[in-house]
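In what follows, chain A forms one complex with chain B and a second complex with chain C.
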Partner chain A sequence: MRKEEKVKYLFLLPSVALVLSFVIFPLIYSVFLSLTNWQIGRELSFIGLSNYLKIFTDFRVLNSLEFTLKFIALTVPIEAFLALGLALLSQKSFTGNKVFRILCILPFFASPIALSYLGITIFYEEGGPLNNILSLIGVGKIPWISNPTYAFLSVSLLDIWQWTAFLYVIFLAGLESLPKDIYEAAMVDGASGWRLFKSITLPLLLPIITTGVIFKVIESFKVFDLIYALTGGGPGISTESYTMYIYKTGLRFFRMGYAASLSLILLIILSILLMLAMIRLRRVYEV
Partner chain B sequence: MKERKISRRDALSTAAKVAIGVVAAGVIAGIGGYYAGSQVAPAKTVTETKTVTAPGTTITVGAATVTEKVTETVTKTVTVTGPLTTPAVRFEGATVTVACMAGGPEGPHSSVLYYFKDEWEKLTGAKLNVIEIPFGELHEKVLTDAITGAGVYDVAKICATSLGDLVVGGYVECIDDYMKDPRFPKWDPAHVPEPVRRCVTWGGKWYGIPNDCDGIYLYYRRDLWEDSYNREEFKTKYGYELPDPPKTWDEVRDCAEFFNGWDWNGDGEPEYGLCQSLKVAAQAWFKYLAVAACYSVLPGPVVDRYHNVFHFDPETMEPRINKPGPIKGLEMLIELKKYGPEAMIGWDIGPSWDFFVTKGKAALTWDWGDIARMAQDPKRSVIKGKLGAAPLPGSYEVWDEENKTWKRFDRPIRCGNILGCDWFYVILKHSKNKEAAYHLCAWLSAPEQLFKTVTVIWGSGVDPGWRIHFPPEISEGWGLGNLKEWVTVGGYDERDAKAFLKAVYEQYFKSDTFLEYLKIPGASELMDSLDIHINEALVGKRSAKDALDACARDWERIVEERGKDQMKKWYQESIGYGLPIKIKPD
Partner chain C sequence: MSRKDFSKMLKKILIYLLVLIASVWLVFPLYWAFTTSFKSKVDVFKPLFIPFIQYQPTLDNWINEITLRGDVIMTGLRNSLIAASISALLCTFLGSMAGYALVRFRFRRWSNKDILLWFFSLRFLPPIALALPFFAIFMTLGLIDNVLALIISYTVFFIPFATLVQYDVFRNIPVELEESAMVDGCSRTGAFLRVALPLSAPGIIASFIICFAFAWNEFLFALVLTYKNSITLPIVIAGAEHSQGVDFWYICTRAVIAIMPPVILATLVQRWIIRGLTLGALKR
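Up next, the complex of A and B:
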């Protein structure tokens, strides 16, 4: 091998080392841990697939998966709809358009944990700003944190406020990249605004929308910090997400083996989702 | 005038003489200071006189019955010799890193370290590094540091629930030898209530340096209780005098209902009967146990299978959390919840304390000693001088698991508690500065620092319970404290201080039994299960019985997974199984 070829491998080495240390090794070690019953104060012993079998009978796993799926089902479509609407609005020419775009993006830069603590103030039931406004307009106090249904809504509202910005950026970039000549041709043919959207914008933007939604679904599966401070997973376990349960199992109860198995199940679920989405995208692009 | 010239030789010679003189003076001063500081103090003699009456004997002489009673006056003389001042031990160059609950420079537990940091560093030459960790993460961060051997922390101020995991894993230092070492500051184990001592020991060995004496007490608005209008109205409605203080939870319920929903403070808004912190993953389960204990812990002379135990059957490790006693406790909590704001379900201690102390919108609460201290802060309290305090209410009935029935008493049976974390210091095994670490912890638990901690440091989060805290007039002569200092130094209202200290003393030393502290490995997971199921019952998702049945099933699973035999052994060790229960002070 020539000297120049050897040097390029040297440049690759740091990245490879990082990936091996922080991705590959933890993955392999997690698989190993998931087949053991390692807990603090106990010797590590091999128990095969027992941890995986326990998952099916653990009511907290089923509860947390149910919450996570409901959370995704509520927040992702709303965020996609709002983001698309804001992106389309940003395409129009009006005074203050640039400021408008900046305001739409800003929420994404808020730290989720800080937002969660801010939520405690906003949703404070005995005199927080939201309930004060609602009382003024005659709606009355809403139990934002103390009622399971409203607690779910509170978490969802915070997520929608923050992550609409993420999808907005993706959709706006997509819209900016669409070819203008197709629109010009369609307008010459007399197409209305709605027809332009339905027949040109949406089909062309669909791959980008799908990509954005997939990213958001994957991110939503990992929701943790918003819930941690605001509700702590309560009332009861009504807002306990799957990742929150993994965190408690591994780092509160120190049942590392079981926590590893829960994590791998999440990895499998997300991998299947990603694979299905990639297949779909490939079909769309091939067409 | 002629200029006087000094030669270089003369200048150097003078400078050298001055320098030598200064050094010599410094050495002499240092030696003198050392001896002055560590001189043997004169012997201190304390004389206590007690009158003891023995039941005596009854004999029959002919038709007469003679009963002999023996009365003795006992004088105890205690002589203290030896150095009373802290020995001058130096740890130059050492840094002691302490992990404690995050509270900032004026918040619980961290404020103590910041307050005393400069003084201790000056005393020892070592450095103190404080690392604050949020309450919910403290257990896992300390344990992770210990398990991985990262060695970031030398000392941790931990919650008692963490001790089992740390001891069983071999992560903390046994301090028996340090306690005997004359180089270190002295703190007297006999000056701490027995339940607090049990929190910091395991298998007869000391692992923690006690500091906080967490306990939950009943607080009420004394001004409302003293109002004659309220007293008359209460008697008319309920048929008995407004209880001052309430002695059972039924009385608390009646009082909370009476004061709920009307404007008793003239602010134009209706007030509440009570307030509480019932948020999941926060303090709700402590507040539940405070109510449930009196229905569940049957008093007796010894910690045996059916007396003075709460969580498990010590012989079989069958959970007892779903027995009639704890169920009745949860039903009572659900009932009490009606007389407070609905928002309580989402409150941790901050909003609850704010509601009672700063807004003054609740008539009653039960909480830690922080309430008594915060109530004295003129910047944020509207209830200074209006605080009533009492040990937690009791019950006329306690569940008797042996006979599967309610055992009735002719007076309320009170179950004392050390609920809360009972924060204490442990030295981590991997610490490279163990002696400096122990010196710090022992010094912080010495009487002078302890008194300042509970009086001067407003937000210390440390509750009284040591002998130095109690004035003798409140503690049947046992205490070594001074009520006037609570007022002048601590800034307390005198009546508030008296009520509070009396409540603390009675809770620790005049209860009929005590709620054991669960500190076995896995305690965190067990309490997490209790926490979420209590919350389900409070929001109406399950009945009290269903919630605690679900909790009991969780506990069975957790015990099985961790090894029932091993858990049984640890549980028996942790509760002092077979030992006599000790409530009276030494």
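Up next, the complex of A and C:
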């Protein structure tokens, strides 16, 4: 082997080896665990596919999947809409544009667990700021945390506040990569405003919008921190996300085997989603 | 004023109005945390939003927090700082090497594109799927409640991100400078360390800060892998017991401590962060 040939592996191998050993090996171990009935502090024995069969009859799996899907259905479209609006607004010229762009990204860097605790105060029913403001305009006390429907809404609001920034960054980068000459040509032809957006910007941006949305759907399946403090999955189990149920199964009830099988199902769902995003991305971009 | 000027002015007003509404929405939670941390216990539950005019701000909450829980918070701060900065440093350096390799060399068994996509797909791995086996593995290794376990976890988790950022940066650095350095007798490693790496400084800063912020904010792994000596700030926040109902004031002081560092860092380098956050791959 030429020296250059060896050097290239020297550059790549450290990270690949590190990631492989700490991702692939644990995942294989997880597959092994999922075939056992291991509970921390007890003897472990093989039980074949029983864990996987149990998933179908576990109402909390169904409940948490239902929550997660409803949560995605509510938050992701709103986030995409807001992010697109913010990205378009950032492209206009106005004083303070630079500061505005920073503000748009900031939520992404705010600690989710701190945000979840802040949520407790913001949505506090007796004298929290939200109910205080609402009472000024004559709306009565809203049970933001103790009522299942409103708890769902408050969790969603936190997610929308934080994750709009994620889509904003993707959309803004997309907007700025659009070729400028098409716009100039269209303006010469007398097109303006809404028409420019509808017949040029939107179609060109669509692949980025859909990939961004799929990425966000994947991220939503992982929602945990934002819920952890604000509702803890409650009231009851009405805001228990799939990830939170896995966490509770494995590390509160210590049923590691069953939790492993639940998490592998999640991995499969997300891999399929990722594949869809990649196909979409590949068709348009040379990645 | 002609009709055209009038509609132009309307448009301008509309833009500023939208910017104002959006800014209030974006800033409110942070503003709320910050101002509430300076409110006296009497004022907390009242609809008061403007300090000095509506209420008199006080340092009491901060003084109480430091005198009563200063130790725990210092432990959390120290561990967060250690775990986040060391893992971000490792991620950035190893990610730079991998990103550089993917730009400057050709790999055969798996093409560069495949390796890149592999890194990219790792970004989407659900943490909970790794948290359970990690718990079992680190328990066997005796590393539970050890900062080392966090450093390893975060490095593994955020290397793919740093690699993508640096891949994007190196792709836009002309190869000629390194070539001439190598003609002058510099080795490949020397050319990387002395020529390419310094030129990629913006990418290094962006990926360091983003990895730092990710690690700083990370909650699930810290929750699973630590319980006492190596708890990070998010765990300190989550572990607070509340004496009477919900202690607004303490929630807010801690939220400010946890939220501020990454937010301030991100503000300082926001120019590079947009590039970094677009995952390197979104490019025509």
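Some points to look at:
To be clear about the criterion, the second predicted complex is superposed on the first by the 269 of 287 C-alpha atoms of A that agree within 3 Å, B and C clash if a C-alpha of one lies under 4 Å from a C-alpha of the other, contacts with A are read in each partner's own complex, and residues count from 1 in each chain.
Please note the rule applied: a residue touches a chain if its C-beta (ideal position, glycine included) is under 8 Å from a C-beta of that chain, and two chains touch if they have at least 3 such contacts.
All figures in this text were calculated on a predicted structure; none of them were measured in a lab.
Shared-chain residue A:T210: touches no atom of chain B or chain C. In the superposed model, A:E126 makes contact with both chain B and chain C.
Of the two partner chains placed by superposition, only chain C is touched by A:L281; chain B is not.
In the superposition on chain A, A:F253 makes contact with chain B only, not with chain C. Once the two complexes are overlaid on the shared chain, A:S50 sits clear of chain B and of chain C alike. In the superposed model, A:N147 lies in contact with chain B only, and not with chain C. The wider contact with chain A, measured as residues touched, comes from C rather than the other of chain B and chain C. Taken together, the two complexes place residues 124, 126, 251 of chain A in contact with chain B and also with chain C. In the complex of the two chains, the chain C residues touching chain A come out as 12, 15-16, 18-19, 22-23, 25-27, 29-30, 32-33, 36, 44-47, 49, 94-95, 97-98, 100-102, 104-105, 107, 113, 115-117, 119-122, 124-137, 152-153, 155-156, 159-160, 163, 188-189, 192, 213, 216-217, 219-220, 223-224, 233-234, 237-238, 246, 248, 251-252, 254-255, 258-259, 262-263, 265-267, 270, 273-275, 277-279, 281-284.
Across the complex, chain A meets chain C through its residues 4, 7-8, 10-12, 14-16, 18-19, 22-23, 26-27, 29-30, 33, 85-86, 89, 92, 94, 96, 100-115, 117-118, 120-122, 124, 126-129, 132-133, 135-136, 161, 166, 169-170, 172-174, 177, 208, 211, 215, 218-219, 221-222, 224-225, 228-229, 243, 246-247, 250-251, 256, 259-260, 263-264, 266-267, 270, 274, 278, 281, 285-287. Note for the complex: chain B touches chain A at residues 136, 139-140, 143-144, 147, 165, 168-169, 279-282, 341-346, 351, 355, 521-522, 524-525, 528, 532-533, 535-536, 538-539, 541, 561-563.
The part of chain A that touches chain B in the complex is made up of residues 37, 39-42, 124-126, 141, 143-148, 151, 231-238, 248, 251-255.
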